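Same chain, two partners: subunit A is paired with subunit B first, then with subunit C.
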Partner chain A sequence: MTNHWVDLRNSDCLLIMGSNAAENHPISMRWIMQAKENGAKVISVDPRYTRTSAISDYYAALRSGTDIAFLGGMINYILEKNKYFKEYVENYTNASYIVGDKYDFNDGLFSGYNKEARKYDASNWAFRRDDKGVPEKDPTYQNPRCVLQLLKNHYSRYTPEKVSEITGTPVEDLLNVYEMYSSSGTRDRAGSVLYALGWTHHTTGTQIIRTSAIVQLLLGNIGIAGGGINALRGQPNVQGSTDGCLLFNIIPGYLKVPRSSQQTLEVYLKENTPKTAEPQSANWYQNTPKYMVSLLKTWFGDKAIKENDFGYAWVPKADDGKTYSWLDMCDVMYSGKINGMFIWSQNPAGSHPNTNKVVKALTNLEWLVHANIFNNETASFWHGPGLDPKKIKTEVFLLPAACSVEREGSLSNSGRLAQWRFKAAEPPGKATPDGDMVYRLVRKLKELYKKEGGKCPEPILNLQWDYGDDKGKFDPHKAAMETNGYFLKDVTLKDPTGKDVNFKKGDLVPTFGFLQADGSTSCGNWLYCASYTNAGNMMARRGKEDPTGLGLFPNWAWCWPVNRRIIYNRASCDPSGQPWNPKRAILKWEGGKWVGDVPDGPWPPMSDKEKGKLPFIMKPDGVAFLYGPGMVDGPFPEHYEPYENPLGMNPMSGQVSNPAFKIFKSDMDKVASGDPNFPFVCSTNGLAEHWCSGAFTRWQPWLLEAQPELFVEISPQLAGEISVKNGDQVKVASIRGEVECVAMVTPRIRPFKIAGKTIHQVAMPYAFGWLIPKSDKNYSTNLLTPAVGDANTMCPEYKGFMVNVKKV
Partner chain B sequence: MDVSRREFLIISGVLGAGAALSSLGLDLGPVKAYADQLKIDKMKTAKHTTTICAYCSVGCGMIASTDTKSGKIINIEGDPDHPINGGALCAKGASLFQTTAANPNRLTKVLYRAPYSDKWQEKSWDWAIGEIAKRVKATRDAGFMEKNDKGQVVNRVETIAHLGSSNIDNEEVAVLNSMVRALGLVYIDHQARV
Partner chain C sequence: MSEGYSILVDTSKCTACRGCQMACKQWNQLPATETKNWGSYQNPQDLSAVTWKLVRFADGANGDGKPYWYFFTDQCRHCLSPGCMAAAEKEEIVQDEKTGAVLFTPKTKDLDFEATLDGCPYNIPRQDPKTKVLFKCTMCLDRITNNQIPACVKSCPTGTLKFGERDKILEIAKKRVEELKKADPKAAALNADDVRVIFVVRDDPKKYYQHAAGK
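So, the complex of A and B:
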């Protein structure tokens, strides 16, 4: 979230799309309902009429996988009707930038496409820059190559009629939603976008979110109270574990993973430290060397010295341009080339796409280590339905973990709020926190490598591992302090006002502004620097003060970065530092300083041409991107059909699906588009009573009783066509697998008119399996889903694949 | 039975409403068993601990009550002082108690499934850590790739994969990340991508 949960109440209009917040984030409704009481309008856009739709002021249906078309139509509406926030767009976005001559777009493809590699050469999409490297601009927007003109041109194709033909949304509904939501494009109104897995689970997922970013920027809704793009995330610490980057492509603090071509730290830093010639850009990532060297100091301690590149050579290098995501690793496992695997509290045999392939891949492992609080379908895959344990070699170590109230530590919510939780009881039996397991395992590995030697032992032997308490257990406070970072020697540094400040060796670093690139500081994650300081554990604070009256609660726990509650908040003010909307001022330049939320940087407002900085500090040129040349699949979002789609064609262009996602080609990766054997669109969804694949919640009688078994929602019209009654047992099949479940015939879901044809959609939760309740049949909906992912993120396409439904 | 509203909530939470309802004349024997072990004579002996919900990412505050005599958690409810949820919880959050030791389905021992076996065996932690470390080392040493096919030094291991976790604390994420990078792993992913 750019904003935070309580801030939803400050909104005038909430567009909830790709999210069923009432079902999956029920407590968010506390603030959404308060916004409604204050007069806000709530819009729900969803293939189903959900619990969120039920409390909305306006509901519009769309077919799964057509969100870019829906929102592209909104961009067209905003530009055509001149509804955009002109001062905001002019000052804070790249609307006036001139795009270079190589950019082009033709029939669904951008310039620079290589069909064999399914990749674009994004250098074709660069801005035109002058001799000094400053982007050329046309503030009058007369130049046909300026971003605003290209944007208008691109989305002029997204007429309400064309959009309706793709999404199945009646034109009247489209226009009503566009009108309601674009009313937030004035200085005194705020519009908030709320999304969840309904947007990320597509081969175009990242570009759907980009489309919403374009809408929000045009309407001046980023950085303001009651605005923003708010990802409602679904796991307790998915935000923190993303910030901590337990991911193949990034290392802590969203630093890029070192690639094979970056053989030295110097090359790595050169390629990953953006430069700008824009005089008023802060270009925050110019600090990358400080963050990277401080991270290497946390990892390798005294062994990381300037002479050895701070241990950079010991960090594994991923091949350039290669992805190592779950979809990739599952495919490699399936081909038998991965021997061992760790899985921590995740249930891929229930929650990952194409479950038959997942299970087959697991049988190819020599060993699997799994830690969890309950057993699940992944740890027990070897005796699942249809498998003979006597034929499966995989050794499984199932480690009993402490549950959330049996351990101590912090977790970060969607609003980037890191909150400390305390331990209420000892875990039962021999269960122990995951941190303790890791702590012990690394100590054992160090012992083995010291005794026996082995391949490249340095990173293991030199890994700084002072994380134990006096009883030899993992101490989360030590890890939290390492994450915050230390001064490693006595230093005198300048504070932002230019005054000298002295720090002693062993002091905790007060904020990331003091991190150094010379090895004199450590920091496990620069974004969390300031979370645990000499003043104490900021994440454990419980202050209820609310000085702005806007629900920022600055003394409650701690928020990254530097306790800033709304990011890009200087965009809530005009260039002279005065809030666009004085009634909801989160920030104001007053008496030579910023008052309110922690500002994005200490600089004065940008009307100060010498010291002032642009608000979008994480972008090299300081402005937000309407035109985004950094994406792998095009600088403007474009509608493509899901990989598996009902028509086998795209009503918008000759390019059916996103041209840049990776296609897996194993014998188990079948697809069926426009195939009469699989005529219905299917989408998966969550349930209030279950969590993800149900691996925790199915073990709890209170919850299982409320939602005991798998079902498929089908419309009365479809039920009539296939002669199914409410409550009948049906079989849902895709080309990859099939699953039995109960039919729920409900008017919450209805047929769509797509390109002149009637297309039915069905919907299924994915919270069931076979281990509990115990069954000889597998009730995992993911037996049906395709293992294909978004072009930018590799997030699987669980929303929008093709099935058939038949009575059993 | 003279109890305040808060104590009533605590008791009814502990017992799945069992004891409170049985005091009203209903027989809910099975849920009483857990309570009997706790020997709650005075609820004032409960220690309160603040925690955060273990499900979605709203980050609702909760208060866990632990019986100071038995050390067992006897109730979990919404934290009324928390600025986000103000004491409210959803169905899952309100059931968090059933993830604690009160749930007999919890894993409480290290389990091991040998190759081609059809059952779990109970093992000790020392054995498990030792055996896992041996396998990690053997697989890593056998599959370690010092250079890629372009001759670039890559110091990586493609034969061990790593998945998870959005369900552990930031501090645990930090040490886990240190471990996987030190081992040289590159197949690293977690729930953020599903």
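So, the complex of A and C:
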């Protein structure tokens, strides 16, 4: 979230799209109901009429996988009807920037495409810069190559009629949603976008979110109370684990993973430290060397010295251009090139796409270590339906994990709020906190490498790894302090006002502004610097003060960065630092300083031409990107059909699907587009009663009683066509697998008119399997889903693939 | 008696997360039953001797073809003059004086179940088939007499459920109906003068549940 949970109550209009918040993030509804009581309107856009739609003021249906078309139409509407927030767009976005001559767009393809490699050369999309490197601009927007003109041109194709032909949403519904939501484009109104897996689970996922960013920027909704783009993250610390580098392309604090072509720290820092010639840009990532060197000091301690590049050579490097997502790993495992695997806190044999391929891949392992609080379909894959345990060679070790309330530590929620969690009970039996498992495992590895040597022992031997308590167990406080970072020698530094401050060796670093690139500080994650300081564990704070009255609660726990509750908050003020909306002022420039939330940097507002800075400090040029040349699949979001699609064509262009996602080519990666054998669009969804694949919750009798088995939601019209009654057993099949379930016939789901044809949509939860309740049939919906991912993130396309439904 | 406590069920804020249904089972340590999906999110299908709080799901399409989905977290209304007591003679069913909670005692095993059920306008009492004892919501008497709010209310994330002194809850209910009426002219607080568990609805109560406003 750019904003935070409580802030939802400050909104005038909430667009909940790609999210079933009521069901998957129930607590959001506490704040949304308060917003509604204050007069806010809630819009729900979803293929199904969900529990979220049930409390919305307006509902619009769309076919799965057509969100860019829907939102592209909104961009067109906002520009055409002149509904955008002009001062905001002019001052805080790249609307006036001139795009270079090499940029072009033709029939669904941007310039620079290499069909063989399925890759773009993004250098074709660069801005035109003067000889100093400053982007050229046209504040009058007369130049046809300026971003605003290109934006208008690109989205003029997204007329309500064209959008309706793609999404299946009636034109009237589109226009009503566009009008309701674009009403937030004034200085006194705030619109909030809430999304979740309904947007990320597409081959175009990142670009869907980009489309919403363009909408929010045009309406001036970023950085303000009640606004923002709010990703609703999973409860069990999805936010925290991403911050801490769960993903293959980042290391802690969203620093880029080192690539094999970056053999020295100098090269890595040169390629990952952005430069700017824009005089008023803060270009915050210019601090990358400080964060990277401090991270290396955390990892390798005294072994990391300037002379050895602070141990940079010991950090594993990813091959250039190669992805290492679960989809890739599963594919490599399937081809027999992985012998052993640790799988932590997830149930890929239930929650990952193309489950038949996942299970087949697991049988290629010699050993599998799995840690979880219950047994699940992954740890037990070897005796699952259709498998003969005698023929499976894999040895499985299931480590019993302590559950969340049986261990201490921090948990970061969607609002970037890191809250310290206390231990409520001892874990049962030999159950152990995950942190302790990892800690002791690496201690043991170090011991073995020391004793027996081996190939490339340095990365393990030189790891600092001193997070143990006096009993040799993992100490979450030590890890949290190391994450925050220490001064490693006595130093005198200047604070932001220019005053000298003295720090002693061993002091915790008070904020990332003091981190150094010379090895004098350590920091495990620069974003979490200031979370655990000499003043104590900030995440354990429980102060209930709310000085602004806007629900910032600055003394409740701690949020990154530097306890800033709304990021890019300087954009909530005009260029002279006065709030756009004085009634909801989270920040104000008063008497030479910022008052309110922690500002995005100490500098004066940008009207101070000498010292003032632009508000989008994480962007090299200080402004937000309407035009985004940093994506792998184009600087403007464009509608493409899902990999598997109903028509085998794209009503918008000659390019059917996203041209830049990776296609896996194993014999189990089949695909069926425009195939009459699989005529219905299917999407998967979560359930309030179960957590993800249900691996925890199916063991809980009350939850299983409430939501006992797999079902497919179908419209009365489709039910009529295939002669199915509510409650009948049906078989749902894709080209990759099939699964039996109960048909739920409901008017909450309806057929769509797509390009003149009637297309049926169905929906299935993915919370079921075979281990509990025990069955000789597998009820995993992911037997059906394709193993294909978003072009930018490799997040799988669970929402939008083709199936058939037949009565059993 | 008209003092004591009340529970507000503002269905316009309910998202059917079913926290209340779980919390009721948990606090009262009621076992789960084996269920099947019967083409509805609603499960178990009905109240029982071990299910005293049940979120009922009702979907359909309005005249304009637009869908609706109403949620009704059903439970005993704790009537001011309980109909179920009509068939009771020897304190099988009692009304707690201080709170107003209507309570089924173990002596209900001697009651005529059909007659007791008939006496309830809301179709609430259920019988344990083995022991013949009748069961339903207790208003969490063990909690509310110990400075705790009922378990279902405690679990509610949206503000649908509120617990408090009856006059205050009545006031909130009336105010809420006034607000809702601006957009939903059919908004009403169901039988507010007769019951302690006051349901606020936005539409015809029968669209929520057959017995929402009484038989």
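Methods note: the second predicted complex is superposed on the first by the 807 of 808 C-alpha atoms of A that agree within 3 Å, B and C clash if a C-alpha of one lies under 4 Å from a C-alpha of the other, contacts with A are read in each partner's own complex, and residues count from 1 in each chain.
Convention: a contact is a pair of C-beta atoms (placed from the backbone, for glycine too) under 8 Å apart; a residue touches a chain by one contact, two chains touch by 3 or more.
Not measured: the values here are computed from a predicted model.
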| item | value |
| --- | --- |
| Contacts of A:Tyr59 with subunit B and subunit C, given as first, second, both or neither | second |
| Touching partner for A:Pro701 - first (subunit B), second (subunit C), both, neither | both |
| Partner chain in contact with A:Thr355 - subunit B first, subunit C second, else both or neither | neither |
| Contacts of A:Phe711 with subunit B and subunit C, given as first, second, both or neither | second |
| If touched residues of subunit A are counted for subunit B and for subunit C, the larger one | B |
| Partner chain(s) touched by A:Ala688 [first = subunit B, second = subunit C, both, neither] | both |
| A:Met33 touches, of subunit B and subunit C: first, second, both or neither? | second |
| Which superposed partner A:Ser164 touches (first subunit B, second subunit C, both, neither) | neither |
| Touching partner for A:Ser192 - first (subunit B), second (subunit C), both, neither | neither |
| Subunit B versus subunit C as contact partner of A:Asp328, first or second or both or neither | first |
| Footprint overlap on subunit A, where subunit B in one structure and subunit C in the other make contact | 26-27, 30, 688-689, 701-703, 706 |
| Interface residues, subunit C side, partner subunit A - complex | 12-19, 21-22, 25-26, 31-41, 43-44, 59-61, 66-71, 157-159, 179 |
| Subunit A residues within the subunit C interface of the complex | 22-23, 26-27, 29-30, 33-34, 37, 49, 51-55, 59, 688-689, 701-711, 726-727, 742-748, 750 |
| In the complex with subunit A, residue positions of subunit B that touch it | 16, 47, 49-61, 64-66, 71-73, 76, 81, 83-86, 88-93, 95-96, 98-101, 103, 105-118, 120, 125, 128-137, 139-144, 146, 148, 150, 152-194 |
